[in-house]
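Letters are used for the chains, namely A, B, C and D, taken in the order the chains are written, and counting of residues starts over at 1 for each.
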Amino acid sequence: MDYKEMAAAARGNMGPWCKACPVCNGRACGSHMPGPGAKGTGTVATRNYEAWQRVLVQMDTIHDRFEADTSVDFFGRRLSVPVMIGPLGDVKLHYGDKWEMEDYNSCILNAASEAGSLAWTGDGMVAAIHESAVRDIKRLCGRGVTTIKPWNMETVMAKLELALDARPAAIAMDIDAAGLPFLKGFEPPAGPKTTFELARIADACHAAGTPFVLKGVMSVRGARKAVESGADGIVVSNHGGRVQDGVPATADVLPAIADEVGEKVTVLVDGGIRTGLDVFRALALGADACLVCRPFAVATYGAGEEGVRDYLGQLARELGDTMEMCGAETTKDIDRAMLA
Amino acid sequence: MDYKEMAAAARGNMGPWCKACPVCNGRACGSHMPGPGAKGTGTVATRNYEAWQRVLVQMDTIHDRFEADTSVDFFGRRLSVPVMIGPLGDVKLHYGDKWEMEDYNSCILNAASEAGSLAWTGDGMVAAIHESAVRDIKRLCGRGVTTIKPWNMETVMAKLELALDARPAAIAMDIDAAGLPFLKGFEPPAGPKTTFELARIADACHAAGTPFVLKGVMSVRGARKAVESGADGIVVSNHGGRVQDGVPATADVLPAIADEVGEKVTVLVDGGIRTGLDVFRALALGADACLVCRPFAVATYGAGEEGVRDYLGQLARELGDTMEMCGAETTKDIDRAMLA
Amino acid sequence: MDYKEMAAAARGNMGPWCKACPVCNGRACGSHMPGPGAKGTGTVATRNYEAWQRVLVQMDTIHDRFEADTSVDFFGRRLSVPVMIGPLGDVKLHYGDKWEMEDYNSCILNAASEAGSLAWTGDGMVAAIHESAVRDIKRLCGRGVTTIKPWNMETVMAKLELALDARPAAIAMDIDAAGLPFLKGFEPPAGPKTTFELARIADACHAAGTPFVLKGVMSVRGARKAVESGADGIVVSNHGGRVQDGVPATADVLPAIADEVGEKVTVLVDGGIRTGLDVFRALALGADACLVCRPFAVATYGAGEEGVRDYLGQLARELGDTMEMCGAETTKDIDRAMLA
Amino acid sequence: MDYKEMAAAARGNMGPWCKACPVCNGRACGSHMPGPGAKGTGTVATRNYEAWQRVLVQMDTIHDRFEADTSVDFFGRRLSVPVMIGPLGDVKLHYGDKWEMEDYNSCILNAASEAGSLAWTGDGMVAAIHESAVRDIKRLCGRGVTTIKPWNMETVMAKLELALDARPAAIAMDIDAAGLPFLKGFEPPAGPKTTFELARIADACHAAGTPFVLKGVMSVRGARKAVESGADGIVVSNHGGRVQDGVPATADVLPAIADEVGEKVTVLVDGGIRTGLDVFRALALGADACLVCRPFAVATYGAGEEGVRDYLGQLARELGDTMEMCGAETTKDIDRAMLA
């Protein structure tokens, strides 16, 4: 089943906001929330998508014949493909009643794990969702990443303690979540965190032997602060445009950030990555791996675990094909010299 | 009530020219005058709007938690938000019969004052309008800015004397008004002013303890002349494209002008500023505050004083949110390093 | 009568090719010949038009009050406005049966002369047309410019001798005319000319006290050769895209050409100039005056001599307004520093 | 018969995928395969086409009168025009049942030969097609180029032996063919080749006195490897976007490649070349000759051999016209200084 078929199957099974477009590029959903829309003018998601399209690759087929190895290391685990499934906080609200948040998390965690990748679970407003995701990850021997929102420290530390018990592949915090419109006025409040507070969280993770990843870094300055905070990884992300309008595309800020901190921490990126070619582009610009989020909601609504596995397989195949056409035998071989 | 709701309410209550679009970007009104259209090809208003969209901000949420302070100083007065309501000369002609000019001025003056901001009143062709606006500002203890067109000096000095009596927050002259098509052949004629003439006006203002602001400066050269004339402030403005076609967007000329004269005089800017994010962009490029004009006509036609207050509130909220997402605690903290 | 009204009046009075658009920008006519279309992809005419739109002017109204003087010198004659009417070779074929070529030439020559400007007459395939145009120019005491196509030298010299007898303001040769599709295989053939041949033509003109202008120069190299040939002026022109596809816009090559030869020869420009603002742009980029062609066909088909006069008047008014808004009292004052 | 007429005639005679558009620019066919569509987003074919449109030529008609000589040398043979017909591997599958592959190859070989040019034959999956093409080329005394896909070396050497027997003008290998979706999993497999393997092929060609050309080079690095392999020529080609999405336009990479290897090997280019003007652009950017492919399928479906000859003639005429308008008497005279 390819992505277009999943998207076709998803139509009719989703809420009114996501149109399950053949190409998920932020145009049809625009600025509507609830739904997958971006904030304000609703143009950031489209900017993300289009920025990858401008990154051109250098085809070169004069080289050894090989089977491309698409796997990457992620904090000591081997992922079959440099793509993890991004976290959603409230799939029912934004994508429709067919899936409960807990079931959605189970679905993507299971399918990703089977496919040799990892899913990230979101941190909704209901405690039970976090707890359920943690149970799932524990059951999967830690094959998952738990995201915690930047609540007040008391809440964060409580959620963290619970999450660490599952020994997840990593703990992530979407540090930019305070910009989500539906979190405005929520209790406990989510908000910015100082490097001192983040260091406390990182320390707790490290004590448990778990890497800590900051999601929502969009500048060299921010990346430096993340490193100072003791984070083991960052996600170059603008939250798909949902937390702040008028920000750059992730592909446009990635290279400078990777140059600055790429040797010290793991650099991930998300935003508009839709094909294995886009994954190649991201790695060539300096990312170690990618998060892809919305299309997996579509895949799940369209075809459940099978959809998730098939889309991961499609991304791996497309990435492998591009690697062969550009002469990269392993993901380590993909670098900026392979861009035109 | 948010802006889209006001705009929806305004439709049906306005004359045929303004379409009260959900996003006021100069497209629907084009080049039609009367109405809010721009001169010639009618493209300058759209250029203004689009130039802000290209200014990208650097999101950074690794910082202290704070409540953003959106207030700014304007010649010794504290504005709750760096936005003032721009002047209109003939609201009935351009926006429809629902509002008489005098009533419109009263409405925006009252509402802005209540919201902790200021409205600027326009200088139409009927003397009574100027007089009425001055009376309103006097009643509001000077909480308003009186604009005088560049008529012949005799007319200007007479209008100035009347205006100063109200001790307004400032006196402004829209030095570019001679380009307005409907002023062609008007008596007394409006036209350019020399630095010598402007100095006479500035001196009269200063004698009364009132700052003098030149509106319609679009170049470094012009800004220098404004400073030489003794102006205390300038508005980087192309009059929404209504006085000259083929001019740059205000966002594109603002940085160089602010670099040149920003330490000597107050630098304001208008043209296509529609959201609190746009206000952030303007301040980051060097403006001390902004004027927003057409959307307040829509707000007034849609919801009267409540609309004006609500839209000012919306701009303040959006600005505050952007400040929090970019790590600016006060308006002074917003600078070009916060742009991407 | 403004241009839009003339265009409206022309519709129904023209052949099927020209649509008499409110803005004559090469879109509707595309690549169709006969008709005013451009060659090949038909995109050069539009490129010409759009290039002017990107030239932005620096509005500045802090200056003396003056009545702008729009006049320019053209080889010792004073033109009321730096616009002459461009030549057409076969108005009936391209614009419709309403006007015979001879009558069209008479119309534009008379009207331009009355308005203080000059019309250029084209060189069609019928000898009588050239003869008639020459008679008209003689009757108008030389107030016109005769264009001769680059036929073989024998034909050129014969036509030249006839033309010089009228003592026209100048003799022009559209050196690029060999690219006109309908001249292919014509006898006598039109074609390139060497600097030696051109010098012979220039000499003949100079012997009669008449300036010689080369129309169709699009490069610095070409401009240098024109000067070497003894030409007194050049027209930076791509023949509205009708002789060669894939060429630059005239506005884009004008500045370098004017820098190279502007002190030695008169530099004219055509292609997509439609408003007085465009004329200002052309002068700011280094032109001494402009040719405008197609809109005068529309003006003539719509309103005859009155249309021609009114459109010339409109261009003068618009240019004057722009000069006042930018602080240029005379056409000599318009320079590149007035561009943004 | 001009191209638009052939395209009109082809409509109704083709399969459902190619629309025989008046301008063949990759828009209508998009990303559909079978059919002429490009891979992935389907945007590379359009990118190819548009890149040529941005290459602007310097018109200059002050020069000697001459009849432009459009011929070029191709490995010792004189081509009447620097255009050869590109290879198709399965015309029936992609363009419709009207033509069998063998007949199509015969048609283009014959017509190109008669017109003084050469057709390249493709290497489909059926052995008989290769054999038939070789027979045709032998019959035409070698006036054709045989393309061999990068199968395993055993298959390649067998096909090569057969092909060399016809003493074709050259042997080509489309080194990028492994990216063709319909070759995935095919037996024998097509794939990358090392410089060592390519040198073996080149040696075999040279032993037979036949030049060897590598088609599908898109970078300076790849071009250097082609030279190292002993190739006598390269085709700067992205296979019309059919083998890899997200690659640059051929016009954008051609200049650097031609600068690097143009003095050592013959540099050809394809991708979106549709007119004689485009051929001029390609030569000006450093190509020795071009391949044009899809339009010849349209020409053949529309008008058979006559269509092929007429379209070749049209390209020659358009090239000649452009050469005259730009002052290039021979194809050797066309260089980058003739670009704007």
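Annotations for the structure displayed:
Keep this in mind: contacts are C-beta pairs under 8 Å (C-beta built on N, C-alpha and C of every residue); 3 or more make two chains touch, one makes a residue touch a chain.
This structure is a prediction, so every number in the text was calculated from the model and none was measured.
Listed here as common contacts of chain B and chain D: A, C.
Look at the CA centroids: the one farthest from the centroid of chain A belongs to C.
Between chain B and chain C, the centres computed from C-alpha atoms are 42 Å apart. Chain contacts: chain C has no residue touching two or more partner chains. Chain-to-chain contact here is organised cyclically: the chains close a single ring, every chain touching exactly two others. Chains touching one another, given as pairs, are A-B, A-D, B-C, C-D. Contacts from chain B toward chain A in the complex involve residues 23, 53, 55-65, 275, 277, 281, 318, 321-322, 324-327, 340. Within the complex, the chain A residues that touch chain B are 40-41, 43, 150, 175-176, 178-179, 191-195, 198, 214, 216, 218-219, 221-222, 225-226, 229, 238, 243-248, 252-253.
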